Structures are given as C-alpha cells and as structure tokens.
C-alpha cells in the first residue's frame, strides 16, 4: 500500500465552516425556536463542552432547605441544540423541591447521596410516588407536576437531566404566589382562600 | 395529444396498502409513543375525518359553571398522528376553566361567543392576561399554567385547538384535590394548609 | 413552618434571559428553518399572545365569494415556534375556497356558522367528502388537496387551525393561472387545453 | 497490555433485543404514525437494506411517456423510520411527469442521463424552473407542486430521493380526473369547464 | 363559594384510555420507529418509572477495567418515548471506556466520583478533550466518536444521560474486532495491518 | 360564471414576506441548531434550488482512489432546512471509501455505474454487507460505521442522499490519524499499537 501524503489533503472538500456537528450557543446572538445561534466553529474550544457549575453544592439555607442549580443552555452553552441538559438538586435535611413542571422536557433523576421521595401526577390524576435510594433512577414525563423530598435524615443530592437543552421550570407556588397574578383571579381559578393566597404572596414576594 | 386509457392504469405501481397520508386511529390496536395504530386504509371513510361531538354544548351545571369537550385522538380518531386536535369550552355566566396545563401541546383559543378573560404564567413567573372578545384569538405556550374565565354576563363559548393529537390536560385542583396524593405530601410540596387541602379534597373527591 | 422572605429570592438562579417557554417572532430579525427569531423577553407583553385580526369578516366580494384571513406567524407573532396557527374562512352564499394545499401542516376546521361541504383527496386518489353543519369538525391531512364550499343558502363561517405556525397555502388555480408559469408547460404537465389556460390566466392575472 | 478474552464477553449487558439502530418494516404488522412495526432483529439480514427495484427501467409506453418507480417503505422495508427513500424517474422522448406533490417530504433529484426541465411553484405563486443536465441536482421543497419534463431528444433518467420513508405522491391530474371526485365539485373548486373535466375523466378513468 | 360534589365528577369526559402522558414500554408488544408499544395504562404503576439497576457498580474485572450499565428503554421501560435515558460508567484504576459512538443521541456525563479524562472528535477532525473532576459535566454531540478514561488513581464513577430512550452504542473495537467483519475488508477500509486485525480479533472474539 | 379580475387581487392577504415554504441558506447570516438563516425571499431564484457540483467527477488520484463530493447545505444552500442533501462518490479501480459515519443522517446509496461492495455495522456488532450492481440501492442507518468499495474492475459511481441537509461526515481514519488526537490516548482507547498509530499519523498528516 503506497500512501502519498500530498494527495490526502485534497481528498475531501469540506471547509471548517460547513461543519455543524454541534451548535455551541452564542449567548449574544439571535435566538430562534430551536435555540441560540451557534458560536463560530473557529472559536469553539473543549471548554465549551464542559461545565463546572454543578460541582458546587447549592445554598440550601432557605425556606425549602433545597436548591436547584441548572446547567441549561443559558448556563452551559455546549448543550444548545443537542436535546439534553442537566441540573443539580441539593436537599438539606427536611428539604423539599416543591411541586413544579418542566414545560419543555421530560426529566430523569439519579440519586447520588441520601434518599429521596419523589412523585408525579398524570393527566388522569393518578399519583406515582417512589422512595428512591442512592443510585436509583426515576423519570418524570414531560409537563407533569412532580416533586422531590429529602426522605432521609441527612442531606441528599440528585443529578437530573432533561430531554431538552431548555426544559423550562415552572414552580407552582412561585407561579401563584411569587408573581403578580391578581389574587381574585387566583382564587377564582384555584378554589384557594383569598386570605391564604395573600399570606403566601406575603411570604414569597408576590403582588397583585 | 393521443391518450391511451389502457396504458394509464399501469403507470404507477403504488398499491393502496402503501399509502400513509394519514393514520386514522385504530382504538383497539397497539399504541406507541407516536400515537395509535392506523386503521386499515380500506376501512377508512370520510366519516373518520369528521366529528360532531363539538356541536353540542357541554353541561355547565357544575361547580365551575363550565365544561371542556375534547376532540383528541381518543374521541376523534382522524387526528391521530396529524399533530392537531381541538376542544370546545363552554362557560356559563361566572364560569371558569381552572388553572391547568397541557403537557403535550400548545393551545390556540378562539372566542366564538361572549367574552373571556384568559391568561398564562411563564417559567419566570410573568403573568400574561388578556380580555378577549368574540373573534379574538389567544395562544398558550406548551406546558404552562393557564386559565379561562367568562368575562361577560352571559354564557361564553370558545373553540381551542392543540399542536398535538393528544395534548393531555392536567387541571391543578384535580391533580391536588381529586387524586389520592397524600395530604402531608401536598402540604409539604405546596405550602398549603392541611386543613384547606382536606376541605378541598372533600369537595372534589380526593383521598389520602 | 417558618418562612424567610429574604432567602426566597436567591433560591433559583435563572435569569430572565434564559427563559424560552415561547419565542414571539421578531419580524425584523433573521429567520431560520424553525421560524422567526425571538423578540427579547423583556419586550414581550400579553398583547403578543393575542390577535384580533380574525374578529373581522373577510371581504367576500370577489369571484369566489369567499375570504381567507390568516393568523400565521407573520400576522400573529405569538405563535412562532409553537406548532400552531389559525385562519378564518368566510363564505358568502355560493362561496368556495378553491382546491388548495398547505405544504407544511395539517388543518382542522370547525364550522361556526352555516354549513360547509368540505373534502380532500389522498395520494391514492380516494376522495373524502363531508357535509358539515354548525359545530362540526373536519381534519385535512398535511399536504393534500382539499376544498370548502358553502353548502347552505346564507353565509358560512369556519375557524381553521394548523399544526404549524407557518402552514403555507398553495391554491391550485393561483399556482397555475395567477403565476408566470408558462402556458406550454402548464399544458404539458396538466393535460389542460392551452385555450383554457390562457382564458383562466386572463381572469386571474397570470402571465407567460 | 494484557488482554483476557474470557472477561470481554461479559463487558456489556446489551441483549440483541434492545438494539434499535434501525426498524426494518414488518409489512404484516401494525402501522403507526411513525411507520411500520419493526421486523424482529434476529430475522433482519443484509438483504433488507438493499433493493434492486430501481435497477430496471420503468415502462414508458403510456400517455405521459414516463414512469415513476418508487422505493418507499412499502417497497423497500429497510428505509422504514430512517427518514429517507428514493424513486426512479424514466422519461422517454417527450416524456413528462405531470404536476404533483409529495405531501410528506422534500425531494432531491439527480439527473443520471439526458436532460430534464424541472420546476416548482411556491405558496406565493412564484415559479422556479431550471433546465438540468446530466449530473445536475435540484431540490423541491415539501408539499409544493412540481413537474419534470424530458428536455432532450432521447430518453432521460433521474434518481430522486425523499426526506421521508413514506413521502406520498399526489398527481394533480389523477387526483382530479382519475378519482371519483364529482365533476360539479371539480368545476366549482377549480374554475375548469365541466366538458373538459368529463373529457379528462374519460381519458384517465375517473368517475362521478 | 358553593361546591357541589355530585356535579364535579361529570365535569370532564376523559376516560382513562385516552391518557397518553407517557408510554411505558410493553417489551412484549410490537416495536415501531418511535419505540416500544405502550403498556396498558391500567397496568402502569410507580415502579415502571423507577429503576434500581444503576445503583449497583458494574463489574470492572475485564480488559478495559470498566463497565457500562445501561438504563435504556429495554432495561427501564418507563423512559420509552420520553426522549431520555441513562447509564452508569464504572472505571477502576486504569479503566477506559474505549472509543465509541451513540448513533441515536447526544450524551451528557456527570462525574460522581474520581476524575475522568474525556473527549470527542468532530467531523472536521478537531479533538475536544477535558479533564473532569467530581461534579463536572461534559456533553458529547450525537454520533461523534468519544471516550472516557479514569484520570485518577482510584476508581471513578460517572452517570451519563442521553437525548433518546434508545441511544444505541457502537464501540469501535467491538465493531471491528468482536464482529465477523471480514479481515480483508477491515484492512481495506481502515488502513490497519491484517496481522494486527487478526490479533485483536483473537483477543476480542471476532471472526472472519 | 362571472369572473371579476379586479377583485381577485385582494382575495388573500399574504405578503411575500410571510412565505416560508423553503429557507435557502444565507451563508453569511447567523446559524442555529435547525440550520442556516434564510435568504430574503425576494432574492431567491431558481438557481438556488439547483446545483451542478455533482456533475463533475471527483479527483480519485489519491490514496483511497476515491472521492466524495458533497452537496450539503454549505455547498447547496437550497437544501437548508429541508431534511435532505446529497453527495457523489467516485471510486476508481480499487477505490475505497473508508469506514465512516454520518452523525446526523441516514444515507441512501444508488449505484450509477460499476459495482460496489458496501456494508455497515450495527450497535450489536452485526455486519451487513451487500454487493451492489448498477441501479441497486442500499440504505445505511444513521450514525453507524459503513464503507463502500469498488467491486468491479473499472471505475464506479454512486449518488448518495441523506436525511438531513447537514449530515456530517466522520471518517474513522481521519478522526484518529489526521487529527491531533494524542497517540497515547488513541492507544488507550482503541487497543492499537503506538507504532502503527504513529505510522498512520505520518501518512495521513496527524499530530500529537
């Protein structure tokens, strides 16, 4: 087999510009329905595909004794357009990730430390709850209300991943009580007492 | 131009069996992630593509003075796999479609009669509310909490369509209070009072 | 339950910029295969998600005694990227929406007023026709030739929705006779008479 | 580097059953919106991924002096679910592939022999026509009316591929004149003369 | 607010059968391009959405001192159709996950224990390599060759997730040397020496 | 039938700007995960949908006696966003397209001249090989290693198409030996000899 180097280089005509195996988010560029614009390939480095933000425990000194640290496209530009992203859940003793949905993705949770009680509710009002121990995995179908609660005495840690680089996160209590959703409308659309709504808005910072 | 009929019929080799312009749901067949199995083409008729179920007003003699009548794939097999479906909203005077989400689709509402106050909440807790009159259209992005309220004195009617033949429907109050979601877990994941939760479960028929 | 407001606000680290529950079209920005660029979230208001253009009857004083009023992404920027859009069909007495296709979406029609004869033709040349009355629904699978005809004495109204925010609309007669498609090519590819083609081009404004 | 064979085989736990790199169509199984059911992997052979049906020239002894030979999923089960398929176009001297659409796919044509005049019409009634010589490529966007005409003296051959394993094929003249689409409705929805419609139905075998 | 229980239950007409928020795999049913058939909703339990198979360390007593334990749809039926799955990577000291691709998904890796050197190669032959420590995340775009190597003295553990419930896994050395890919063809298509190919086939169990 | 020209032109309200039947790539504009930005419709001509680059035989005077000439979106802007593209394979006598993958698309090959031995390897290390003659078609599922070898005495030609406008192309030997993938890492992740790796890097121009 005789190999002639000089010929090899002209073998294929692809220029660098035509390569789109990935689309690292250019956070300053235009955004479209499919995600952020792509960083120029010549400026992409290995650092774009790695993220250290999940290595640090979230601050759980708060009312829910829990923290969610996202690695979505806005934080981790390398996932843009790849249909995947992640987050870190820290749950101190008694910690709770309140009922929430991800409008744009299904979620897969892996317990890294401690034990977690997790569940979701389906469109026909069935409730699926599991106690998960270290190493256990649970999946939450797209758009359904779900929660995670520390089910052990000490702190718990979970890594979650999503079927989108931009899954969204709608926390029920924040949507209701940390927004400017007018109290009369909340009462009318949820059957909750106005007094309770006002109290929770006071706590969570909502208005209206 | 000489036309020879006998040759025409052998022009193209497609058999009927290879045609899949549509996939009318065979409700008795296996279901997969993309929807129901398709009815045999030879059994498909024009009736499969039409549905009269939305012609009849829903019964609004209930606590929300409202009714949702769906034309999803399970009711209207012709939409299976076509990425679209519909429903009818009837709102008597004072009627309310409580806060809910569609986990699998965006929704587009058209007011046919009366006026409707509608709104949704986004992942960053922004609230988008509009009063809609006859003929007005509003869109609710996939998976976000939204509501519709009769904003006029008399009954209102809206036709809604969805970007999926199976959008799902998760009504917040039903998920919480018409399910067997254990009260202590509801309290822990929503900040609501146990007493209120129990009261609403009593009303809506929940257990646990 | 002790609630500490000051801690709540640092709970989640999402900035507004990372939220992409929706992508209201920036009609002045670049367009890509998935749709228009997104308006900056800080400029999005409730008005972006509502549209009043379908509240007004289209002008049916024309040869087809009918009008199509679209609420696609170009008219109704809120639907951009959400996989749904709508249009209003007005059919005066004797009105006809001529044979047409939507290259990019399936269509779902709801009769709001009057009665409509509608139908489509599939790849195997089967014809599916239904007479639809007020409240009836019909679905037209993506890309297939279909039509709507006023089937009653007085005017008819239908609201249609599409499984795309940009369904496209190719009206057969306009494609042939309102374009500059050269007459000899039309004759060659449709079996129609040149004389007829020229006559219809004269009527509809085509050239070539 | 010490290599121990006996350990290698227990390295990964995938069973054959879990592999779904492809989904060769089981033409006898249920069909869903995403395509045919998959043949059992153990029965799949290399033959499933190859097809010889395009090696044979289609019979062009017909009124259009042309033939379309498809290699869609129903003919070539290996493409099922892979988002691609193909067909062969044979055009004798004077041959024409009449105006048609593919409701479910874009088309890419490569001229293998002879020269071909091809074109399509867009939603805004613009006409895009090109004369293509041997080796030239043309693309026809999904769902738009297009045609191919032999532009040389001798026979022409093209290979076309589609962005779906089941692109569909709706030939305008066949939809109108080889179907049972009632003549009065054709006249009403196309502006064509009833006499012409009846004549073409006579030629092409339509009824109604 | 007067609540009337008896009316509540007739509010919405959805039967259980119409609910398709998820599609737990029926491993015995037909498979289609979009995944496994769905288990009947009435048989679905919370256990279907959880999986304990990743809690157990894989056996790393093998030539690569590493193990991959998948939680794809075939092992974890709850992820079917949800666009996500996971796996566990165990790397003993000196452990290596050899060059491989996932034909059907992008991969996101989180280091749980130890440190890992990971990298991938793009279509333009650029190499992106990162040393990852505990908590670091890296993403590998769909279909590209990538690897993971234990970069510390002791064992390392990573959890990976995928943007598909069935990502596939093609290990380069296994494809070449653990298959029956004929040696002359390997030599011809890879530039490798026949002697080396035969030696590696001997080690890995390939034939041909 | 009375036709009134003056009314026709006001029939439909679509402006040219709203038409998005296609999205011809603006190679100078921003790129997103779904492809290039669209050229302004007013600047699109028929030339954008045709490409002559595959009419010219590739230069096979190289070590593999073969050439790949792509018509992807970067070369052929008309395919942008349409889910299809093409390439031309020229194989001189003894020519080989070495083992490679397309990370983003399935491939369909049609033999135009000569005969070709082609094959691919699946995730479970099964090898599917076929000898293809003129007119034969073969499909290669997305992301799997495959090859094509001239199986006749004289030159062979194939046209291939892809289920994406940007399929990518990762040639195994180029990824390993024409990149700067460090030799020790190649050895560690492939079981190949360092000496061989260095030799092939010398031939193909790799470094590291």
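By letter and in written order, the chains are A, B, C, D, E and F; residue numbering begins at 1 in each of them.
Here is the rule we use: contacts are C-beta pairs under 8 Å (C-beta built on N, C-alpha and C of every residue); 3 or more make two chains touch, one makes a residue touch a chain.
The shown structure was predicted, so the numbers you read here are calculated from the model rather than taken from an experiment.
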Minimal step count in the chain contact network, subunit D to subunit F: 1
Joint neighbours of subunit E and subunit A, given as chain labels: B, F
Repeat of interface D-F, chosen from A-E, B-E or A-B - more than half of residue-number contact pairs shared: A-E
Inter-chain centre distance, subunit E versus subunit F - centres from mean C-alpha coordinates, in Å: 26
Rounded Å distance, subunit D centre to subunit E centre (Cα mean): 34
Intercentroid distance (Cα basis), subunit C paired with subunit B, Å: 20
Subunit C residues counted as touching two or more neighbouring chains: 1, 3, 14, 19, 21, 30, 32-35, 103-104, 119, 122-123, 129, 141-144, 168-170, 178, 191, 203
Touching pairs - complete list by chain label: A-B, A-C, A-E, A-F, B-C, B-D, B-E, C-D, C-F, D-E, D-F, E-F
Residues on subunit F engaged by subunit D in the complex (per definition of touch): 1, 3, 14, 16, 19, 21-22, 41, 45-47, 49-56, 71, 76, 78-79, 82-86, 88, 105-108, 110, 112, 119-120, 122-124, 128-130, 132-144, 159, 161-163, 191
Complex contact set, residues of subunit D against subunit B: 27, 30-35, 59, 61-64, 67-70, 72-75, 103-104, 166, 168-169, 171, 178, 202-205
Contacting residues of subunit F [partner subunit C, same complex]: 2-5, 7-15, 17-21, 23, 26, 29-30, 32-38, 80-81
For the subunit A and subunit B complex, residues of the former touching the latter: 96-99, 101-104, 117, 119, 121-123, 125-127, 129, 141-145, 147, 149, 168-170, 172-182, 185, 188-193, 196, 200, 203-204, 208
